[in-house]
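Presented below are the structures under discussion, each in the form of structure tokens.
Both complexes below contain subunit A, partnered by subunit B and then by subunit C.
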Partner chain A sequence: MVAHGDSSSSEKKLGNGLNDLPTFNAENLQQNMKTIHYSRTFMSIIGGVVAGIFGFTGLKGFVLYFLVMAFTSIGLMAKAKFSVHSYFDSWNRVLLDGLFGGLMSFVLFWTFAYDIVHIF
Partner chain B sequence: MAEDLVLDTAIRDWVLIPLSVVMVLIGVLRYFVAKLMRSSQTPDAKMVKEGQVILRARNLRAAANFIPTKAFRARKIYFCNEENGLLFVPKGQAQNPQAQMFSDPNMAMDMMKKNLSMIIPQTLTFAWVNFFFSGFVAAKIPFPLTQRFRSMLQNGIDLSTVDVSYVSSRSWYFLNLFGLRGFFSLILGEENAVDDTQRMMQMGGFGMDPSKGLSAEKDNLDITQHDWALPNFEQRAETVLKKLVS
Partner chain C sequence: MGLGFAIGVFGVLILFHAAYATIQYRGLLKITEEEFSGPPMNVVAELLLGLFFCMWAALAVPGKFLSIHPDSEENRIVSLPANLDFMIFNHRGKVFPGQMDLKLRH
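Then we have the complex of A and B:
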């Protein structure tokens, strides 16, 4: 997806995987976190528009949201070449961080697209 | 009420879409106005010094295991000793943040500017929405909600028989206000998103006592356990080299 493509440049290699000591550069870690938030927001907006255009209502839309988020997580992991620990300090960063942050944007764009396409 | 209301297409073209577009544009405008009004204040030398000391102490704490015990202890004493350590703040010398704020009129001015740049556009848009669009059913959220949300979503319509999932135009304004934050962070860059929360933080602990930061960092450094990493590095080097050879 687009969001992962253009975020690539900002992800930096931190420390090497062999090291069992935590050798993280705090700034780079923060940059990576920012990238995650950016991708998640982007995907939640896209997901909202998609859900609205398809006319999903009720639970279906929220299921779609979580599917999109899971997809984003997989994409981020693929971007980190599945060695999450060389970019982040724990798996939760990739899997859970900002999971609900995009919900408000999702609902807004879902409603907007749904109203424009379906109810009038 | 289960049956659907029939909404006029004109409402979509002249209420829903313009309202959303205006909200986005106002957000962008506010961002640029705030950027223009931001004054670059020269920071106080003492504050900068303290901030740098805290940074150095933090670096020491993060990299503690990479230097020998003796070196670490020497640095720790340099930072934390009770007479003239860099992180040691004598009692009673801590400045009252309130007094500090009033001694520097620029600070208060800056805060007011920031506040105004946030409040004025919001009041204006709200008045505008109220004046032009009050009383429309503008949108319908695609999921059911309970009666409790009626006051939130149907602000401005006093009908108790309309299904709760219909949204009045005034409430659509509020939804936009909160929901567009993520969108702004995408189109205006990250700094905008952080800005709001940071502003809140600044306002909360304005002129936060710098000595507090110093003593907190001192406590952190005091309890840091030193465990030199070098002995293990030989083993690590061995495994790495073996891997290279084989």
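Then we have the complex of A and C:
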């Protein structure tokens, strides 16, 4: 195997025997978080465009957003083969991360698509 | 990953087509002076199809999940970081002549 450089590719969080903190590979965890962030952002944008084309105004659009996010969460679970603990350290990360950041992108593209399709 | 990306592009194209169809439908409604209540059924089907393709691409394109267990197969540490304590200099290189008279090439 090629020798790795000083920046170790697997920094670990170690715990002593008494407290028994969970040890995991932090760099891979970060990579996984980036992956789900990309997925959620892309789906927020696509959901916004779909909401605009449908012509939803008001609460119906937000309902669509949470539906799309729920399906994305299910898809991410399936991608992780439902064994969340071998890829993430808690369920909340997979389910809730990026939910409200995506809301901004959703509203932006929702208004954009609505304007293009229904107003101009 | 190439296939996932192609499916994503295809899904976005389907969405654009659905948008264009909706614009045309609204133009038609303006002529007949009716209210817009919702896109026609085939546009709805197209939107759902495009949404499905884009969701597939959103899950397939960003890359696999990497395991975070430190003792799983693909996370093995097989090399030591460069550390002077482990470098060996007592090898056969010491029989080479000490001074080299060659200049460095530019």
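Criterion: the second predicted complex is superposed on the first by the 99 of 120 C-alpha atoms of A that agree within 3 Å, B and C clash if a C-alpha of one lies under 4 Å from a C-alpha of the other, contacts with A are read in each partner's own complex, and residues count from 1 in each chain.
We adopt the following convention: a contact is a pair of C-beta atoms (placed from the backbone, for glycine too) under 8 Å apart; a residue touches a chain by one contact, two chains touch by 3 or more.
None of these values were measured; they are calculated from a predicted model.
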Original post:
When the two structures are superposed on subunit A, do subunit B and subunit C clash or fit side by side?
Top reply: fit
Subject >> Dominant contact partner of subunit A by residue count, subunit C or subunit B >> reply: C
Subject >> First (subunit B), second (subunit C), both or neither touched by A:Y38 >> reply: both
**OP:** Using the superposition on chain A described above, determine whether A:I116 touches subunit B (first), subunit C (second), both, or neither.
**Re:** both
**OP:** Check the residue A:F66 against both partner chains and state whether it touches subunit B (first), subunit C (second), both, or neither.
**Re:** neither
Original post:
Touching A:I46, do we find subunit B (first), subunit C (second), both, or neither?
Top reply: second
Subject >> Touching partner for A:L76 - first (subunit B), second (subunit C), both, neither >> reply: second
Original post:
Should A:F100 be classified as contacting the first partner (subunit B), the second (subunit C), both, or neither?
Top reply: neither
Original post:
Is A:Y87 touching the first partner subunit B, the second partner subunit C, both, or neither of them?
Top reply: second
**OP:** May I ask you to decide whether A:L29 touches subunit B, subunit C, both, or neither, giving the answer as first, second, both or neither?
**Re:** second
**OP:** Determine, under the contact definition given at the top, whether A:F54 touches first (subunit B), second (subunit C), both, or neither.
**Re:** second
Subject >> Minimal inter-chain CA distance - subunit C and subunit B, angstrom >> reply: 10
Original post:
Same subunit A residues contacting subunit B and subunit C, which ones?
Top reply: 26, 34, 38, 42, 55, 116
Subject >> subunit A contact footprint on subunit C (complex, rising order) >> reply: 11-12, 15, 18-19, 22-23, 26, 36, 38-39, 43-44, 47, 50-51, 54-55, 57-59, 61-63, 65-70, 72, 75, 77-82
**OP:** Enumerate the contact residues on subunit B facing subunit A in the complex.
**Re:** 4, 7-9, 11-12, 16-17, 20, 62, 65, 139-144, 167, 175-176, 178-183, 185-186, 190, 229, 236, 239-240
Original post:
Which bits of subunit A are touching subunit B when the two form their complex?
Top reply: 18-19, 21, 26, 34, 37-38, 41-42, 44-45, 51-52, 55-59, 61-62, 101-102, 104-105, 107-112, 114-116, 119-120
Subject >> subunit A to subunit C touching residues, read off their complex >> reply: 1-6, 8, 10, 12, 23-26, 28-29, 31-32, 34-36, 38-39, 42-43, 46-47, 49-50, 53-55, 68, 71-72, 75-76, 78-80, 86-89, 113, 116-118
